[in-house]
Amino acid sequence: MNTFGHVFRVTTWGESHGPAIGCVIDGCPAGLKIDEEFIRREMERRRPGKWFASKRVETDRVEILSGILDGCTLGTPILMLIKNVDVDSKPYLKLRDVFRPGHADYTYWKKFGLRDWRGGGRASGRETAARVAAGAIAKQILGIFGISIFGYVREIGGIKCEVDDLELAMRLAKESEISCPDKEAEEKIVERIKEAMDEGDSLGGIIEVVAKNVPPGLGEPVFGKIDAYLAYAVMGIPAIKGVEIGRGFESARLKGSESNDQMSLRSGKIRFLSNNSGGVLGGISNGEEIIIRAAVKPTPSISKKQRTVNYKEMKDVEISVTGRHDPCIVPRAVPVVEAMVALVLVDLMMMQGLIPRSLTNHLQPET
Amino acid sequence: MNTFGHVFRVTTWGESHGPAIGCVIDGCPAGLKIDEEFIRREMERRRPGKWFASKRVETDRVEILSGILDGCTLGTPILMLIKNVDVDSKPYLKLRDVFRPGHADYTYWKKFGLRDWRGGGRASGRETAARVAAGAIAKQILGIFGISIFGYVREIGGIKCEVDDLELAMRLAKESEISCPDKEAEEKIVERIKEAMDEGDSLGGIIEVVAKNVPPGLGEPVFGKIDAYLAYAVMGIPAIKGVEIGRGFESARLKGSESNDQMSLRSGKIRFLSNNSGGVLGGISNGEEIIIRAAVKPTPSISKKQRTVNYKEMKDVEISVTGRHDPCIVPRAVPVVEAMVALVLVDLMMMQGLIPRSLTNHLQPET
Amino acid sequence: MNTFGHVFRVTTWGESHGPAIGCVIDGCPAGLKIDEEFIRREMERRRPGKWFASKRVETDRVEILSGILDGCTLGTPILMLIKNVDVDSKPYLKLRDVFRPGHADYTYWKKFGLRDWRGGGRASGRETAARVAAGAIAKQILGIFGISIFGYVREIGGIKCEVDDLELAMRLAKESEISCPDKEAEEKIVERIKEAMDEGDSLGGIIEVVAKNVPPGLGEPVFGKIDAYLAYAVMGIPAIKGVEIGRGFESARLKGSESNDQMSLRSGKIRFLSNNSGGVLGGISNGEEIIIRAAVKPTPSISKKQRTVNYKEMKDVEISVTGRHDPCIVPRAVPVVEAMVALVLVDLMMMQGLIPRSLTNHLQPET
Amino acid sequence: MNTFGHVFRVTTWGESHGPAIGCVIDGCPAGLKIDEEFIRREMERRRPGKWFASKRVETDRVEILSGILDGCTLGTPILMLIKNVDVDSKPYLKLRDVFRPGHADYTYWKKFGLRDWRGGGRASGRETAARVAAGAIAKQILGIFGISIFGYVREIGGIKCEVDDLELAMRLAKESEISCPDKEAEEKIVERIKEAMDEGDSLGGIIEVVAKNVPPGLGEPVFGKIDAYLAYAVMGIPAIKGVEIGRGFESARLKGSESNDQMSLRSGKIRFLSNNSGGVLGGISNGEEIIIRAAVKPTPSISKKQRTVNYKEMKDVEISVTGRHDPCIVPRAVPVVEAMVALVLVDLMMMQGLIPRSLTNHLQPET
């Protein structure tokens, strides 16, 4: 179950402290010119090394070993490989026989009978680098069809960002080191992250992602609905504990007359008068902006003392998780959520027949 | 995409106003004694006809046409058929050429180029009867392994239910007509629903479902994680706009030291000291209770005037959706959420090898 | 695993002596006018009751319970139901505790721990009626694109049919009660079948199916190749023991210079000078006729004495399988092979984006 | 569609003249000790460089970049990478604008709108190296359960090998450079291959693979039958044109009384008295040896003059395919067929619940 997607299928592989991580993309249309610089920029957004992030130094350079010829996709599987450059498993040695609270140590052990103790292995957030790489290809395909995806930090440590104008927010978030679209909130958030760092603690937050120009008709009822598919895609990102579409949990408190998006003609076209639905009706896109929010729990690696169990010796212990961890993973998770949304949209567009198998405007030989 | 599941696979079929609806279950273990009375009771919980629900009178009797012999599963596909008894498409005739706000009319039309105008067709909540039927089989399988699933109304129309003791809540919710575990809140909710009915309006709410005795090790990283799978299952239910696991969106506001569930030994067993994670770590069940909440939007069918478009004549119109609708679908959605959770759990248990292909303790012929 | 197909997906269900059998088709394009008379004719070709076939009298009338409105597909699942009318399980009672040689009795028992002893249950050839019903829908879709599928008996009981002109063969086979395109061979075959009947024995044979006007480009390397997919589809039909494409096993004895289909231009189009490949190169259709042959083993139900084991008493026994069986199933299997080929072609065309999700030339509302 | 398998899933990637080829194995049980020397030996059997094979010099060393720790599988995806060392695309430059007869050049072009002209790209037999690597893992798993797979050349260029004693054949075939179990036939075959080489031509043949100790109960009716699955697996290997199980096409000429495998008790166990069925009844393994044969067409690359079309200039041309090709691919295809059979068996065993998710006899921490 390391494959995502039905037609545009991404299989990720690799452990945090193994020689490399990466993915295979199967089902990518032929004839796509790969923009390697765009991939690099996307990787950069998720890359560790910033002040509020892990100090691990990774170049996150993506090597493509198959599926392209002269920079153009062949329609065959694309192997993307990212070497793990700065691996240091030593800090994990002393945690080898304990289950770190909030981590997958215990559950991997219960499931597989053994576990990769080096940096979380496959459960590490590092795996998401492969998702961003695959998402960068997906975004390029969407770009051909005028579809864009934009994510930003909605809230960190309880401090909410005010967003009135989405276009402005997009610009501000891009300029912000922590993808925050509200200057005032940003300052407070930075302060709070630093406090958490000082306390040896960590913070969570909320991310919002918006997809624009999504054509109506995407989503496959009744078990491949676009909202269900997005929820699946986003909830599967490490540390995500909640997902909502449009007004989400708020809509539980509205009346039908407040929640329904009414419709009318504008310049001869059918238009919705509001977008409480977040662009989804009956599990199918309605042409409005797709809006999805995700709750990110605080990073479980904290240096504060915590109780846990040493399972080799079967005794209670107290641990402090040191090493190179993110006091707040939320900003780095933004491109990951975007990537998953991009994968969903490309896949559904291919299922709906909106993306041809070949993007070449090739001169077919007459047959 | 009308099939749910990987190993225990449920395919639902049928339109609200067609001759019948139902499902095929493929991959059910052989040798399961089917308890038809239990299926009947589960169907009863979702059945329309109560004061706060649609006035459509359906018996919702499930006929099983294949996959069983002498009341016992054969391991072959189980066809479940529910006749549509009380169909009245007349009220929909006048809405035939308009898109009802909040409904899937517009999106189905955009996707398929035509739509079943009779009662919402496949997008009707009636489709979920087939899910409850399949879920009843899944619950019986889970019961063999001591796993139980219990759902209740957490909130309707903004009125929250207080739940301190889950065992008590379970008992109270079962006695409550609206699956409400808090007597005081129940009275207020009933009042509010009646108000909404009088106004020709509708209400939404929040449902919580708890699964007990779930073994650790369920969930298939990185794209078949139990939380992602649950989110997918529940978000795909009609009218659901948000899903959260454990502390969910609240955990975005916690610190790591508050959010992490610490561990210790108790009577020689490894135990979690809290369950903020809702029973899931790294996308794998940890043996604690699985807790999931879903936000239900208010029923879109309201008799209050709404603006929309007649697409045959391409002109703005105002409509009032009359007919037999639910002013509040939340209580009837409880067994549907439970059913989807049951389907997920059975499927993951089979993937983990915890449910044998045959439940018979048959005397194998020596070979 | 009772579902066939990736996009156009058919799930069959039902036991030979249960109340009904049938299938669900998921992924059928919307806007297809269903020709019920065509379905009836296809069912008739496979129907029992002819002199060389089982004496069971089935009307094999297909009821469609979902997925259509006013005779037109909605794009939602199509439930097809065929009642089992003439069920007589009595002759099987005395075989209840033995494994009939050549049948699936033993293997179903080993797999599921129990088995449906009534007429073979799910392993009965009766299950293929549902495939023919689904194939009839697939053929209608293919017809829109000018693709036709035609099968005939190539050989029965060792007597080969001569076929020089495929058009002529098609006409003769249609007129022949046993789908035989060679009058001379037909007489001998009928004679041989009658001999086998008199001996209480049965015969096998070879079926050839040809698909015309198949567009080039169908097939999904490297694990969804059209030849692999056809082999999978046809080998899974009961009683099939071999499958070959084009020259098949004969090509193992050719040289490269004899086997390769050379190419040249004709009226400005690229053409193959021969079709040894049977229309497939590198697992992708090349635009030539797809040619597939299947070996059918003789019906295992024979009245001749056979040794087997009574597994309740664990002792050797001799049995004679009486009841209503086919001395030669080959002619009735022809429409089944055709149906499976049709399912493969529709599925691959949808995967290649050659069949739209909606076949309506609907006037889209301007949005 | 570059993924094979349902539970034990192999995704292959890579072009013949790209930097590398390989595969990802997803779903491999945890706790398997990887025998790298065994992988090396399996790769060696398929490796080019022998007198009758392509002169391309590949080391075919398999690097494992993920999914293992200390030589033991983690239950996470296993990335296997094989560098393409000896790539020489020059001979293909002059064939860049023509379709080589018998190759996939034309069909890839029609499907994807462009093609990798360098050595056949993805359609090259080189892709099968990744299958052998994956198969080597599968064989190790099967070995734990006592299941072995053995293939040999049954026929080349029309010269048949006599096989009376399978154990003896196995030994002889292993000693034979061309996997031939019959010394006398081997000499004639070598002679014939040399003749074909001198003529600039090529030869095909037939391969038989036998799987021993396969437990009964494998196979998932009605669309995941073991014979259908094997046919799919083997027909998808490049150059295969026919597949048969047990007596195969021969059984079409038998009577039921000759074809049925009768049963009796031997030492208190149920036994079949013959194995015409090739170990499969009703699409489920019956505990006897699984026997499968595949027809291999002659290598399409021949230096003999052939007619084809230059599609850039749209004119008829004659070509001679020079370069490093195999005059007879049959012996090198033997381990490929074995590998595909191994993948099918492991997958079906996991589906039947016969292989646990974890092969560690780990000391589970008491919970």
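Letters are used for the chains, namely A, B, C and D, taken in the order the chains are written, and counting of residues starts over at 1 for each.
Definition applied: a contact is a pair of C-beta atoms (placed from the backbone, for glycine too) under 8 Å apart; a residue touches a chain by one contact, two chains touch by 3 or more.
The model shown is predicted, which means the values in this text are computed figures rather than measured ones.
C-beta contact counts were set side by side for B-D and B-C; B-C has more.
The interface in A-C, C-D or A-D that matches A-B, meaning over half of the contact pairs are the same by residue number, belongs to C-D. Note: centroid distance chain B to chain C, computed from Cα atoms, is 38 Å. Between chain B and chain D the centroid-to-centroid distance comes to 45 Å (mean Cα coordinates, whole Å). Residues of chain C in contact with two or more other chains: 1-3, 12, 76, 110-111, 122, 216, 221, 268, 270, 287, 309, 311, 314, 351-352, 357, 365-367. Considering their complex, residues 1-3, 9, 11-15, 18-22, 24, 26-27, 30-31, 65-67, 69, 72, 74-79, 81, 109-116, 118, 121-122, 309, 311, 314, 357-360, 362, 364-367 of chain C touch chain B.
Here chain A touches chain B in the complex through residues 1-4, 12, 99, 101-104, 106-108, 110-111, 122-123, 127, 155, 157-158, 196, 199, 201-206, 216-225, 227-236, 238, 240-265, 268, 270, 273, 277-278, 281-287, 295-302, 304, 306-309, 311, 314-316, 351-352, going by the rule given at the top.
Within the complex formed with chain D, the residues of chain B that make contact are 7, 76, 216, 221, 268-271, 287, 351-353, 356-357, 365-367.
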